[in-house]
C-alpha cells in the first residue's frame, strides 16, 4: 500500500481546462458554458487554476488525428491547452437526447491520442482526470455522460466517482438552464462534489502516475 | 501535492470481485466468464486477491434497493462480497448491441447504494474502482462499457484509464470468444493493462480516500 | 403506386399487446403500466382491441430463443399473445438512464425471432408495428426509445413516425408519473398521436405485407 | 382494413436521398459512401430514383433550425433535396463506438423540422421512410442505428423492418469496409432487404398518408 502524505505544495500546480461544446458561437449566452463555469468555480475553490474554451468559436477541422488537418485547423492549439491541464471538463448541451455534434467532434479528435502512445504504452492524456457537465431542456444527460465517459476512459482519462453534473427539465418543456432563477440545490451540490473528486483524483494521479501498460 | 511512497505493504490487502452477467447458469461455458477470469488472473499478477460470482446462478430479485427484497433475495449476500472488495470487475455478454439484462439488474441493485450515503456524502462503494469486460459475437462493446461506466461512476466507483477489455467478432458472424483458438494479442494486452490500472488506482484511493462531498 | 381504398372492414381485427416492463410485481402501482394503459386507451379509440401483460408477474426465463427454456418458462405463452397482435406497445420505466432489466430480458427473448424466419426471409413478427412508452423520475427516455427501436426494427417490427410517448421529471427529482395530478398536455397529445400512427401503419402493413426479403 | 391494389404506376415517382456523413471530404474514398451507394443501387432495383450528397463537402452550419443559419449555410439546399425524396438513407462511419459528428450535425438540423408542423400536426418529413447504413473498423453499429432510429422517428420518419445495413470488423482491428475483397454475403443480403422494405413502406405511406395527429 502506498504511504501518502500531504505536503505544503498540495494545492499547487493543478490546472483544469473546460471545453464547452455549445452549438452557438460567442457572444450568445450558453447554458452549457454556464454550467462549465460553475464547475470551474468549484475547482478554483479546490485550488485549481482554470481555463475555458468555447470550441465552436474556433475552426476545429473534422478528423481523428491529434495533429493539424489541412490549413487553419484550430485543434492543435486547443490540444496544447489540454495537454497543459490535469483536469478536463467536457461540457455539452443535449440535442435529441445526445451530446452535441461539437462534443462528438472533440471526441473524434481525442481519438487521435491513441496513436501517440509513449514507450510506457501511455497516451499523452494518461493520468489526466475528466469530468462532464451536461445541460438540456429535457432528457439525455445519462446517455451523454455515458458516451463521454466511455470515450474519455478509452483514450486515457480517469473518471472520478460522481464524474458528472447535469440539469435537464421536465419532458417536452423548453426552459433553459441559464434562465432558471436559481440553481437547483441538488445540481449545485453535485457540481461541488464533482470538483472535489476531480481535484482529489488529479492530485493523486499526478503524484503517483500509472505504471507502464502491461504487455500480454 | 501529495508525497506518496511505496511501503512494504504495497501488495497487501487489495481484493477484486468479478460479477459475471452471462444469461447461462452454471455449468454452461461462458465467454464473459472466461474474459472475467482473464482479468482476475492479471489482477492476481498485480497482487490482488480475487473472487468471481456468476450472478445468474443466484436468485437476485428485481428492484432498486441494496437491502433484501422479499424472501430469498440473493443480492444482499453478493453485495457483502462487493463491499469487501476494492475493485469490481463487471463482465457481461452483448445481446442486441447492449449489455445483458442481468447486468442491467445488477446496476439497478447498485442504484440502491445512493440511498446509503454516510455523513461524508459518500455511498458505500466510494473509493472502489470498477472496470468492465465485454464479449459478444458482434458489435456492442462500446455502448456496453458506456452504460457501465455511467452507472458505476454515478454510484461512486472510479473508472481508470483504459477501464474496459472486450472482444467482438466481425458483423453478423457467430463465433464465440471462448471458441477462439488463441486470445487475440490486442485483447490480451488490453486485459493486462486494465488490471495494472485498476490495481494502481485502487491502491491510491485506498491510501488517500476522497474528501467529504461538498455542500453547495 | 398502390391504390388503397378504405373498406367497411377498416376497423376490424387489429389487436395490440402491451408488454409492461416495470420491476414491481402486481398489485403495486406502476407508472409504466399507467402510460401503457393510456396508449391502449387511445388505440381503442382507433378501433384496436387491446391486451396488457405485466411481464414481471410471469416467470420469464433468461435466454435468447423464442421457444421454452427449461421448465415453467412463461415466455412462450406471452409470445403467443404477441404473435396474435398487430401492434406491440413496449412500456418501461427508466433506471439509471436506461430501460429496465425486464425490458432488456424481453428484447433478448425477441432476438430469438430472428432464428424463426420463413421461406420469405421474414421473422414471425414481420409486418407488426411497435411503439414505445417510457416513464422515469428523470432523464433517460430518448436513450430508452433508441434501444427499443433498434432492437425492434432488427427483429422485424416497423416503427411509425412519432413512435414513442414518454414522461420524465426535472433532473434529480423524485415525483412519479402516476402521482402527477394531471397528465401534462404534451404527453397526452403525444400518446394520442402514437396511437393514431401505430394503428394506421399496422392497417397498411396488414393489408399489404412486405414482399419477400431479397437475396443479394 | 384497407383494400390496396397495385396500379401500373407502382414503380413511378419514388425518390431516395442518401446523406453520407463521412468525416472525409471528396475525393477521398469513403466506406460509408460505398455502403450508401450499395443501398441506393438496391433501391434502384426496386424502382426508386436516387441521389447522394456527401455532407462534409458542403458548409452545413451548426444549429437546430431547418432554415438558413447565417450566411452561406448549405443546409437549406440539402433540405430541399430531402423534402423532394420519399426515402432517406442516412449513412455514417463509426468513431469511438458512435456515429460521426457529421451525422449528429445532420440530426440537429433535422430537429428543426419539428418546428414546421402543418395544420395536421405533421412535420414536413412525415410519411417519409428512413433507413440507416453504418460502417466502422470495429464495434458501434447497433448504438449508431439506435441513435438514428430514435431521432428519425421523433421528427416524423418511419423506420421499416430491418431498417439498417452495417459492417464492422473484429474488435481492435483496422481494415476498412472499402478494402474488403468482396462484400460479405450477410451484409449484401441485408442491404438488399433494407431496400426492398424501404421501397415497400414508402410506397404504402405515399399512397395512404398518416391521418392528422390527434389532439388529446
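Before moving on, here are some points about what is shown:
Think of it as A, B, C and D in the order they're written, each chain with its own count starting at 1.
Everything below uses one rule, namely that a residue touches a chain if its C-beta (ideal position, glycine included) is under 8 Å from a C-beta of that chain, and two chains touch if they have at least 3 such contacts.
In UniProt terms the chains read A, B, C, D = NADPH-dependent FMN reductase-like domain-containing protein.
Since the structure is predicted, the reported quantities are computational estimates derived from the model, not experimental observations.
When the partners of subunit A are compared with those of subunit C, the chains appearing in both lists are B, D. Set against one another, B-C and C-D show the most C-beta pairs in contact at C-D.
The distance from the centre of subunit B to the centre of subunit C, each centre being the mean of the chain's C-alpha atoms, comes to 32 Å. Inter-chain centre distance (subunit B to subunit D, centres taken as mean C-alpha positions): 37 Å.
The centroid of the Cα atoms in subunit C and the matching centroid in subunit D are 24 Å apart.
Shown for subunit D are the residues in touch with two or more other chains, namely 96-98, 142, 146-147, 150, 154. Considering their complex, residues 23-24, 56, 62-64, 95-102, 104-105, 107-108, 111, 147, 150-151, 154 of subunit D touch subunit A.
Listing the residues of subunit A that touch subunit B in their complex gives 1-7, 9-10, 12-13, 42, 121, 126-127, 142, 145-147, 149-150, 153-154, 156-164, 183, 185, 188-189, 191-193, 195-197, 200-201, 203-208, 210-216.
Residues 96-98, 138-143, 146, 166-173, 184, 186-187, 190 of subunit A are the ones touching subunit C in the complex.
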